[in-house]
Amino acid sequence: MKIKKRRKPNKASNLPPGTISYKGKKFSDVTTVEIINYSVDSYTKLDSKNVEDAFNFKETNQVTWINVNGLNATKNIEKLGLHYHLHPLTLEDVVDTTHRPKIDEFEDYLFIVFKMLYFKDDGVLNYEQVSMVVGESYVLTFQEADGDVFDELRERISNAKGRIRSQGSDYLMYAILDAVVDNYMSVIEDFGDRIEDLETDVFASESNGSTPSQIQGLKREILKIRRSIFPFREIINRLEKSECKIIDIKTRSYLRDLYDHTIQVSETIDLYREMIWSIMDMYMTLISNKMNEVMKVLTIIATIFIPLTFIAGVYGMNFNNMPELHYKYGYYVVWAVMIVLFILMLIYFRRKRWL
Amino acid sequence: MKIKKRRKPNKASNLPPGTISYKGKKFSDVTTVEIINYSVDSYTKLDSKNVEDAFNFKETNQVTWINVNGLNATKNIEKLGLHYHLHPLTLEDVVDTTHRPKIDEFEDYLFIVFKMLYFKDDGVLNYEQVSMVVGESYVLTFQEADGDVFDELRERISNAKGRIRSQGSDYLMYAILDAVVDNYMSVIEDFGDRIEDLETDVFASESNGSTPSQIQGLKREILKIRRSIFPFREIINRLEKSECKIIDIKTRSYLRDLYDHTIQVSETIDLYREMIWSIMDMYMTLISNKMNEVMKVLTIIATIFIPLTFIAGVYGMNFNNMPELHYKYGYYVVWAVMIVLFILMLIYFRRKRWL
Amino acid sequence: MKIKKRRKPNKASNLPPGTISYKGKKFSDVTTVEIINYSVDSYTKLDSKNVEDAFNFKETNQVTWINVNGLNATKNIEKLGLHYHLHPLTLEDVVDTTHRPKIDEFEDYLFIVFKMLYFKDDGVLNYEQVSMVVGESYVLTFQEADGDVFDELRERISNAKGRIRSQGSDYLMYAILDAVVDNYMSVIEDFGDRIEDLETDVFASESNGSTPSQIQGLKREILKIRRSIFPFREIINRLEKSECKIIDIKTRSYLRDLYDHTIQVSETIDLYREMIWSIMDMYMTLISNKMNEVMKVLTIIATIFIPLTFIAGVYGMNFNNMPELHYKYGYYVVWAVMIVLFILMLIYFRRKRWL
Amino acid sequence: MKIKKRRKPNKASNLPPGTISYKGKKFSDVTTVEIINYSVDSYTKLDSKNVEDAFNFKETNQVTWINVNGLNATKNIEKLGLHYHLHPLTLEDVVDTTHRPKIDEFEDYLFIVFKMLYFKDDGVLNYEQVSMVVGESYVLTFQEADGDVFDELRERISNAKGRIRSQGSDYLMYAILDAVVDNYMSVIEDFGDRIEDLETDVFASESNGSTPSQIQGLKREILKIRRSIFPFREIINRLEKSECKIIDIKTRSYLRDLYDHTIQVSETIDLYREMIWSIMDMYMTLISNKMNEVMKVLTIIATIFIPLTFIAGVYGMNFNNMPELHYKYGYYVVWAVMIVLFILMLIYFRRKRWL
Amino acid sequence: MKIKKRRKPNKASNLPPGTISYKGKKFSDVTTVEIINYSVDSYTKLDSKNVEDAFNFKETNQVTWINVNGLNATKNIEKLGLHYHLHPLTLEDVVDTTHRPKIDEFEDYLFIVFKMLYFKDDGVLNYEQVSMVVGESYVLTFQEADGDVFDELRERISNAKGRIRSQGSDYLMYAILDAVVDNYMSVIEDFGDRIEDLETDVFASESNGSTPSQIQGLKREILKIRRSIFPFREIINRLEKSECKIIDIKTRSYLRDLYDHTIQVSETIDLYREMIWSIMDMYMTLISNKMNEVMKVLTIIATIFIPLTFIAGVYGMNFNNMPELHYKYGYYVVWAVMIVLFILMLIYFRRKRWL
């Protein structure tokens, strides 16, 4: 067997299933672990490089949120796996950042993989995989790099705003997923702005040679966004219907509400998709319209002057015996004929609505 | 994380879930509350700014319809929520006017969100969200601004027309939804008129440069209408099948009838959608046809006169030794040749069906 | 609220639900009632203007078919409703001729609404709504105007042909629906002929300026037909699966057979739909092909003669010092050059397969 | 009611349901009946014109296959119906050759209608309906004309090849359906060859004016094939899942295998369908490409020579006072200018990648 | 019956069902059998030409993997079938290499058919069918030729890497399927590279005449890949849900994980499919854009010089009485007029944004 060319050799795919090996591109030098432990009346936050610091909190009756930034330090992840009795496939999926969003229900915990979207400084949309393990009294989140969309949530926990401090780990899971959907909303909205800008440009006839590639770029981007967000809807739906004991009956109302939001996100994506296709059609139509106009100008000029030039050509011939040439008013008669012809042509074009 | 540009900062999305904060654009200065209380033989109507006036009616065995206009006075809404024991998420959804139409079944009440469509004075289609809470003996409706499609219904209640006065809150809910579907019908019909006008214009070749943008406008509008109305169908379907105790068995026949109407609305929307796409195709075809005609005119003129001009050019050359120039009838022979050529060309074009 | 323009004010939509008011356009001056009463060995036919004449037949053990022509005499319809205990919504739907085909099962009777299609004298396809109420021993049909597709069925009943006289009201219902499907078949077949005629025209290049509007017309018509016939399939399906006691087990085989026919009708409609779209594509291709041919003729003529005309132009210049003009064979050399150029061009076009 | 025009009056559609009347076009003069009776160790074959000859075999414990060729002798069919207790609708469907493929389960027998496809001598694809009745110990097949795809199967029975002789009527049914699917396979394969030939032609730019009509022809044919074969898949699926006592548990494995084959046939049809659409697109692209090339040639020639001709025209003017004409090297300078212009144009076109 | 032309006579299709006859094109001269037998602490590997060598291992409590390379030696396959009690249809399907991927559950074993994809040296994508029989303690695989994607798996078994040695035949089945999905992944990735290369070419305007045929080639290839891989998804889904006793509960987690991977593969295929269609659109747009540009150049040149040439033509006429010719500055005035005209034209084109 021979593969013709392989630009990105995906060596990991040849490892035995269940091997923990980070496949992503983001090798943060330091893997940091952020531990938040809270209950209605207590709150502790700890930034550490040692994941074992989190294990002290386990026995208590509180909720522990352990957030791991950076996936190349697989040792930390293995320790967590051991401590929380995670399935080998879960650990493998945590470090495989090419994974499709999904939910797996295990006996003791839920495992959720999803994508976090954000625009980089250069306006390029970036996709970062986040994995989440939700247990009875803990939530583990794994991110490829520092920086996320959960800052506002952290603040709410620390300030005891809203009802989060009085709820269990399932509500924390909901709050994290809610932050992710809000993140999707704002990315999609921004994307919608770009589409509208492009549409305005196309209609203002300010489209230039780069318009098709811009449209193509948006097409590809929306396909990629769709692919990252659509499975998320299925995840929330399965969460809402799951009979897993971790999820309290009261949290289900919130999940149903969240599900409505994800449907709204999906529908907006499909709407934008149709709009991009539509802009493409519009662009093609406008090109056709322009070409039509160009052709009309050419046809009008050519149709008027080619016959006139012919007449001039005729009386430019050098035959000895051309009686018209010697008529006194021959020249003026020819002018008159040409002007009449010119006017007839104009009337014809006016009738055809070309002018 | 950095979002490149955000024209409409959606600040509310960072609030903890369950916060009541109006996100819409319509800040009516005054929030008015309209209370209608009726039974078979009694009828009271009260316009007030104080929502507490409605609470007196609660104990009675009658139906109370409380309509709140204006959502920025969240205090009134919170009072209603408290009085009727509404879930925090319900109150949050009432003031979030970007919500997708939906139905939520709670233990004591049904919560329905839908859109009301109407044309503004400038012909622009406007979308207003209405929320409705239906309890055992009361219906609450929340609107963003004054003015709605329920005036005829109010009159029917006050005049005791139809069977409404003898029915419970579930029939009032049905009557409200029925008025909304009638509203959809008439908006869609009006939209259909626009499409037909455009189609007529395109075929009358009276299309001009603005036609593509008109078509594009209709495309976008129909996509938006579709998105507002399609979930409504699902709402009615779930209402009809709901086993909620609020809905009487007799009301179900009416809901089934209403469901048939919503299907009809949806199908009409899809029909119009196909028609718009079809008009676009037609427009492209007509442009191609026109360009074809323009090209034919150009080709006929050029094909006839370019060879003739060449002949004239030949005898305009100044060679000393050009015997034809000195023939007595040379000039006339050339004319004859040119006329024969002209006629041959005409025959050729006639054969090609270009003339 | 303001509706921009309303060509067909749909006033009835503001009436309370359940009001009986005819919304159609066909006000027959006389509403006639046709009563057919039969059993295996008896047959009575009565044409009357008074619907009460039918009520005498009710007690007997026979099948009574009451056919009402003309819906503006709502009094007759109300009397029937009272006599047969019909639900108010049924009566409302009978006179609402804009209704989508549907089936409603009530306790004592089935209510079916469908469309009858026929071509008017001017070749325009016409849609007429027929409502049918099927009870234990009676069938009521309501039509907007005289004339229908049931004449052959009436004859079969009067002549006792087939098994109809020995069967109950459910078989009569089946026979009526069967006649309707046959009607659909023949309309669709006729429509297929039109499509094939158009296709033949397009390929014979006899298409003219009106072809796009013809295609568009067929597109719209097929969409309308589809909308009228597709719900009918669902009606038959539900009838076959209905557990309603009115439909005998033996009649179900016939309904299953009828269902196969309606599927065939639906599939034929979809086939024709695809064919119309396909003709449109073909038409566009042929226009492109023609334009290509036109362009080739123009290009060949222009490419040959423009350079030759240039040469003639050069030797038409009036410079004093142009030695070629004084060569003895200059003129002939120029002709030779031009002929050689002409031949080279022809070879070039032949190579390009343009000739 | 008036039908505008009816080329193929479908008179039979006005007959009462259940009437046996052949609607097809193939009136074979002789209706032949072929009777094959076999068990593990016996085999009888009989060609007869009298269907009653088959009834002698009925009592035995063997499998009887009665094949009727020609459907206009409805008497034979009625006799069979009487003898085997077939439902009137079954007999009606046997002679209605416009029927959609389907399966009906009756108490004592299965009734299957399907299409047999074959190419006629002129390469036109032909569709022939075959009906099959499968009972406990007999199989009846009805064909419109002589000649079918079962010869190899007959040979296998007579030679006792394979396991057919040791199996019941359900295995014979399977063997017949298997032969039909093999027939579909080979027809589809042949169709695939045509598509590939056409694709090769289009790419070899050997497409000519008839290409669009060829593509259109293939489009229509594939739609028709699809319509004939797709319901067959459903038939096999229902057979496999049927709880009918005629089908032995052992035969189900074979039916499942057959079902896999029919899915393969359906998928191949859909693949070919997409390929035809794709060829159409390709053809359009190639036309556009050619037109582009034609336009380039025209533009290059016109753009080079029109300015040069203008220069020649200027010095062909007859003004008295044109000093350039009297310069000694004026003529040569003009030539130089024209050549430089010519070269500049060539460079420009080279830059634009038009040459 | 007559088939017009048959390039690939598929004789096997006329054989009785259940006949074992190889239909593929790859007749390896030698059929080799590779036997791997392992348990946690034992490992034997045997390459043989005699399939009976494998039967010694059967009694042991270990897992036996028998891999047969080359399908034309049907005798070996029949011996295996006899030894392992395989159904005749299974053996038939093993040698029918045109089969659609599928899974069949028999009482004692699972039978799975799938495709292995790889690029040949000339970059052509090749499809090879692999059949797999999974029993209680054995796995049989059948390949058309030497060389496969299981080398890494064999190594893992021999080196006792991962958990494979401690698991049963169901885990071996999973490991084989996992290797196949990894193979799909890498083929699809390579295919994605080709698409991106083509897209880059199209945008770099380096597309040439061969671009449409390249796009068409990719279209056809993706349709073929889709057809080979999509049924595989269904296979894994059915495996995961199968209640077959061969598959251990612990293996199901792995199969679920595998299912997620196959969904990812399918979605990537659909993404690439949309991208190819999109590139086609883009290519058409760019052609239109180019043609537009060509037309503009032609129109600008013709529109400027045709009127000027006309003027020159007028003063090239030879009338006796043309007063302008005798004006002292007539020639200069004409030049001035022509230059002004030229400038006006340029301004006009600038306004139209053509320059």
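Structure notes:
The first chain written gets the first letter, and so on, giving A, B, C, D and E; residue counts start at 1 in each chain.
The rule is simple: contacts are C-beta pairs under 8 Å (C-beta built on N, C-alpha and C of every residue); 3 or more make two chains touch, one makes a residue touch a chain.
Chain identities (UniProt): A, B, C, D, E = Magnesium transport protein CorA.
Everything quoted here is computed from the prediction, not taken from an experiment.
Note on connectivity: the fewest steps through touching chains from chain B to chain D is 2.
Homomeric contact chain B/chain C: same residue numbering on both sides for under half of the interface positions. Centre-to-centre spacing of chain A and chain D amounts to 42 Å, using the average Cα coordinate of each chain. Mean C-alpha position of chain A lies 26 Å from that of chain B. Listed for chain C are residues 284, 288, 291, 295, 298, 302, 306, 309, 313, 316-318, 322, each touching two or more other chains. Judged by the touch criterion defined above, the protein chains form a single closed ring in which each chain touches exactly two others. Partner chain E is touched in their complex by these residues of chain A: 1-8, 10, 13-14, 16-19, 87, 89, 93, 99-100, 102, 104, 205, 209, 212-213, 216, 219-220, 223-224, 227, 280, 283-284, 287-288, 290-291, 294-295, 297-298, 301-302, 305-306, 308-309, 312-313, 315-318, 322, 324-331, 334.
Within the complex, the chain A residues that touch chain B are 118-121, 123, 147-149, 152, 156, 161-164, 174-175, 178, 182, 185-187, 189-190, 193, 199, 203, 253-254, 256-257, 260, 263-264, 267, 271, 274-275, 278, 281-282, 284-286, 288-289, 291-292, 295-296, 298-299, 302-303, 306-307, 309-310, 313-314, 316-322, 353-354.
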